[in-house]
Amino acid sequence: MADSATLEAVNIDQDEGDFSYPENYEHDAGIGLNEGTLDYISDIKKEADWIREFRKKALKVFNDKPMPTHWASKDLENIVFQNIRYYLSKGGAPTRSWDEVPDDVKETFERLGIPEKERKYLAGVEAQFDSEAAYSNVKEELSKEGVIFVNSTEGLREHPEIFRKWFGKVIPTGDNKFSALNSAVFSGGSFIYVPPGVKVKHPLQAYFRINAENFGQFERTLIIVDEGAEVTYMEGCTAPKFETATLHSAVVELVAMKDAKIQYITVQNWSNNVFNLVTKRGLAHENAEIRWIDCNIGSRLTMKYPGVIMKGRKARGEVISIALANDGQHQDTGAKMIHAADETTSNVVAKSISVGTGVSTYRGQVHIPKHLKGCKNNTECDALLINSTSKTDTYPAITVKGNEHSTQHEASVSQVSEDQIFYMKQRGLSEGEAMSLSVNGFVNDLVREFPMEYSVELKRLIDMEMEDSVG
Amino acid sequence: MWQGILRYFQIEFTKMSNSLKIENLHASVEGTEILKGLSLEIPKGEVHAIMGPNGSGKSTLSKVIAGHEDYEVTEGTVHMDGEDLLALEIDERSRAGFFLAFQYPHEIPGVSNANFLRAALQARLPKGEEIDAVAFYKEMYAKMDELGMDRKFTGRSVNDGFSGGEKKRNEILQMMMLEPKYAILDETDSGLDIDALKIVAQGVNSMRSPERGFLVITHYQRLLDYIVPDVVHVMHDGKIVKTGGKDLALELEEKGYDWVTEELAVA
Amino acid sequence: MSLTLTPPDKMAEKQSTDQWFASAPLTDSGDALPEWYQQLQASSWKQFCENSGPTRLDQNWRFADLKKARLSGLVTAPVVDAESSINRALNNRPEAYAAHFVFVNNRLVHSESGSLPEGVICLPINEALVKHPDLVQSYFLKEEGCLGGSKFRQIHAAATLSGVFIHVPRGVVCEDPILVNHFVGGDGSTIFPHTLVVAEDNTSVSLMDTFQSIQENEGTFAIGNVDLYADNGAKIQYVAFQDSSDLGAKHVQMNSSKAGRDSAIKSAFVNLGAAWVRNESINHMSGTGADCQIYSANLASGIQEYDQRTLQVHEAQHTTSDLLFKNAIYDEARTIFSGLIQVLPGSHHTDSYQTCRNLLGSKTAEANAMPGLEIDADQVKCSHGSTSGQISDEEIFYLQARGITAEDARRIISLGFLNETVSRLDGDKLKEFLFSRIERKFASLA
């Protein structure tokens, strides 16, 4: 509902992420990518030899792999890897107090409302500014229970006994060209461990911010939730609008041990010249549950297909996805459900909205190999087209072997009909308001899956996009 | 100069008028003329009924006044309390005080009744003013009780999966909440059983006031037993062909529409 | 981020140097054939030799067993005794027909005329090429194809063909189906069935191709092509009934339909036989009000693999299409369905549906489904669905409660499952014929 008050709020919001501070970095790996870049990163982070090796191997894989343009957007060819800056930081470890964060960084996150949100409803926060976290804090009671919430450098250095075992195992370096790139130059991100039986009540939040032009952000996240434990993790992302395209390429690995639950929530609102090429996958052991709740509003091209490998009996995987593609944007999203044990179930609900010349694509993969029994998949993907220039594509792939499973896939494409808009206008709503209300209605059941604070924000972002679209 | 003064008075006079006034209205859809010079005036405080056989243009009239883009007005005027309605956008007409109860209310998946009504009311407030949520719900619940509607109804999507009767009741609820100056009820009785019809009529009757005018479009006379009109018009081939008191409806019911058309042929 | 389960190979896989044939598979001197056609054959042969064939990177071959698509050991079909084949064809046909042709190893061995109306041209393709060269040329192999089978299309164009050309002049209605039988036999023996149907304004015509093997256990090949043209208000029904040897036969068929204004084309593929089947079906709704319906009933068992790729292209406003593919899969058989609905810019007010349903009847049966949509227009109603599952215990129980054995119940339900597609065709005799053949294969599975 975009009443005047909301509109005003929205106008502020529109520029929420679109500001930057002058660059002032202690460490800068320079422009371009070679082994020297990796050594530079490793030296600053004082990394163990095995990580150095890991990075160098990954660089080779990255160089060898072709761009996946035989199935993906040709726009990928516009990324010039040698023009990107791969590491920028102000130096120093992340602080546990906002007071110690450098002023410009602190102001950035204050404008984005992070400290306020932390006070209100978060159990822990990590705020990453370009390559490194500037601030990282977790509530004391959680630390006492053994919850670890640190960045990747610290995680690998201080807790190798926990993290090394799973690092790069859910998503191997060679999974795709961009997972290889991330493996070579990763920096920042969250490493989380939740000990057996610990149920983290409030969400842990990470905030990723790109501040510098030509910069590539490559955070690496690994979340391990031990037996019977539970956690909700949320990430938000923004960047200012620069003249040239920026690259964000993360790798996120989740491990849910027996009976564990992980809920991973993303609200992606990069400015619309960011290439957002992210690999996300979770490994669910027996009776564990992994849910990806993914909302993509920003970026120029997003390619992201969160996946769950259901490795233990009765494991469950779920992807809830909302994508909004506006003028000049391509939201190429989807889900990947790999059933690898009996009685595993997966559910995918994806809704996309294409506005103006926006393109939204759904790619899905469901794989149920033979010798399993009692596996179930349900997939629903619905697309809404707003203008006659909008475009939507759907490319699912479902493989089922054996007669003891059931899969169901349904997809539809629809439009906000003229009669629906007429009806709403007759009740006094303007065209933009009617459109906003219809679009919110379309995604309503999914928005409810987000925590309260996020669903409000999401609704506002959608209103804002719709108001713009009908002018 | 005299002409100028005359024109000035004409304008002033129209402004003073307290009615929904349709004059010589011609409208067509895809090149076919449906309304062929229709004139009608509904003063505030009165209930008028339009009756007519199928295809006489009754529903077209309601859509043209609401501003549906499929219909092209080729001639004539519509003034609401002197304001040129045809010059306004669809939503501006609504906010100016015109309401149409649809014959086939549209479904809006995912948008709850409460949210929809709130949005419609909010759109009527000046910039910066917020609706008082408590008062809103209080009022809505009271009106729903009047219409015999279940409270759960507020959370359901607008008209989505509603029965015919529920849809029509919902139209009346919206009318009661939006408090228009003039309302057209387009075949509101269609799809209603007698119990639902009584409740809907009650709702309409409760809104009758010297400050409001109604135009009830119907094919059958039975609705007019419950919403008793002050004036009845008979529409045929895009025009009003006969006007009379409430007894005209009974006469029509008895003799059928052929009676009017035959009379026309004789005349 | 990559979606292919099997990572793309580092290099495009090299097609084996074995080029299927040492020289173009021509079995007649071709002197009488028109020059344009001889030129087309020669250039197609050249393209075929240069084409390295399908690769793992080609999305049109996703999930496919590429080894099966790389043919080897092909020979031009030799002349064989045709009598038993002719008898089989005559004794197993729907009761009513307009004309009947029998081809054995790519050669016409029998033809008869039934209720064929006057004015209809219905000739073996080679004869039509000689007698109506200009008419044939304007429709001959015009479909470019985009579903991966270019190499098959090229060898088809280079080869001596069998099959028929049908031209129905304006206003003529041909009630009964035209029947065409194709038999193939001998190890490596390869046939090139060709079907070309041109239905002028306000006509109606129905055709069924039947594909069978002369003997079991022979590694034979059929590389066929079907093109259907429906002009304004015309109606075409085409059925491909494929029941060749499930042990050795490989069956490739490229289909295309072009539906003009207010025309309707129904095409159906019934696959019971062959070790490997590749169907590619491209359907153009190119005139306002055009409608295409595409059906398939497939009963796969043993180690059969059915690979079907379809495209529904809406090129005009107010066009409709409906696709329903059903696979009943047993033993170690596998099926692949890849379908795409494309609504091109400007093709507003389109209704398009696509459904693939898989009934898996064993622990080792496999179904792959890729139902796709590409929508680029306004006021479009589109949906697709795909399900995979088994017969539920409740269904079996219900039939058992009526005194039917569990085994019979299973057969009845599966049969009903496949027959839903066939029942949407026109022609009671034709449907009866297809029902009985599907039932016969089910009986052999038990």
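As written, the chain order gives the labels A, B and C, with residue 1 at the start of each chain.
Simple rule for what comes next: a contact is a pair of C-beta atoms (placed from the backbone, for glycine too) under 8 Å apart; a residue touches a chain by one contact, two chains touch by 3 or more.
What you see is a predicted model, and the numbers here were worked out from it, not measured in a lab.
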item	value
Topology of the chain contact graph, where touching chains are joined (line, ring, star, complete, other)	line
Farthest chain relative to subunit A (centres taken as mean CA coordinates)	B
Cα-centroid distance, subunit A relative to subunit C, in whole angstrom	44
Separation of subunit A from subunit B, taking each centre as the mean of its C-alpha atoms, in whole Å	50
Centre distance in Å when subunit B and subunit C are each reduced to the mean of their C-alpha atoms	58
Junction residues of subunit B, two or more chains touched	none
Shared-contact residues (touching 2 or more other chains) in subunit A	417
Contact footprint of subunit C on subunit A as seen in their complex	64, 66, 68, 70-71, 174-176, 178-179, 277-279, 303-305, 334, 336, 363, 365, 367, 370-371, 383, 385, 387-388, 391-415, 417
Subunit A-touching residues of subunit B, taken from the complex the two chains share	66-69, 89-91, 93-95, 99-100, 102, 105-111, 115-116, 118-120, 122-125, 127-128, 130, 157, 174, 178
Complex contacts: residues of subunit C adjacent to subunit A	1-5, 7-8, 10, 57-59, 62-63, 348, 358, 360-390
Subunit B-facing residues of subunit A, complex	1, 3-5, 8, 417-420, 422-431, 433-434, 437-438, 440-445
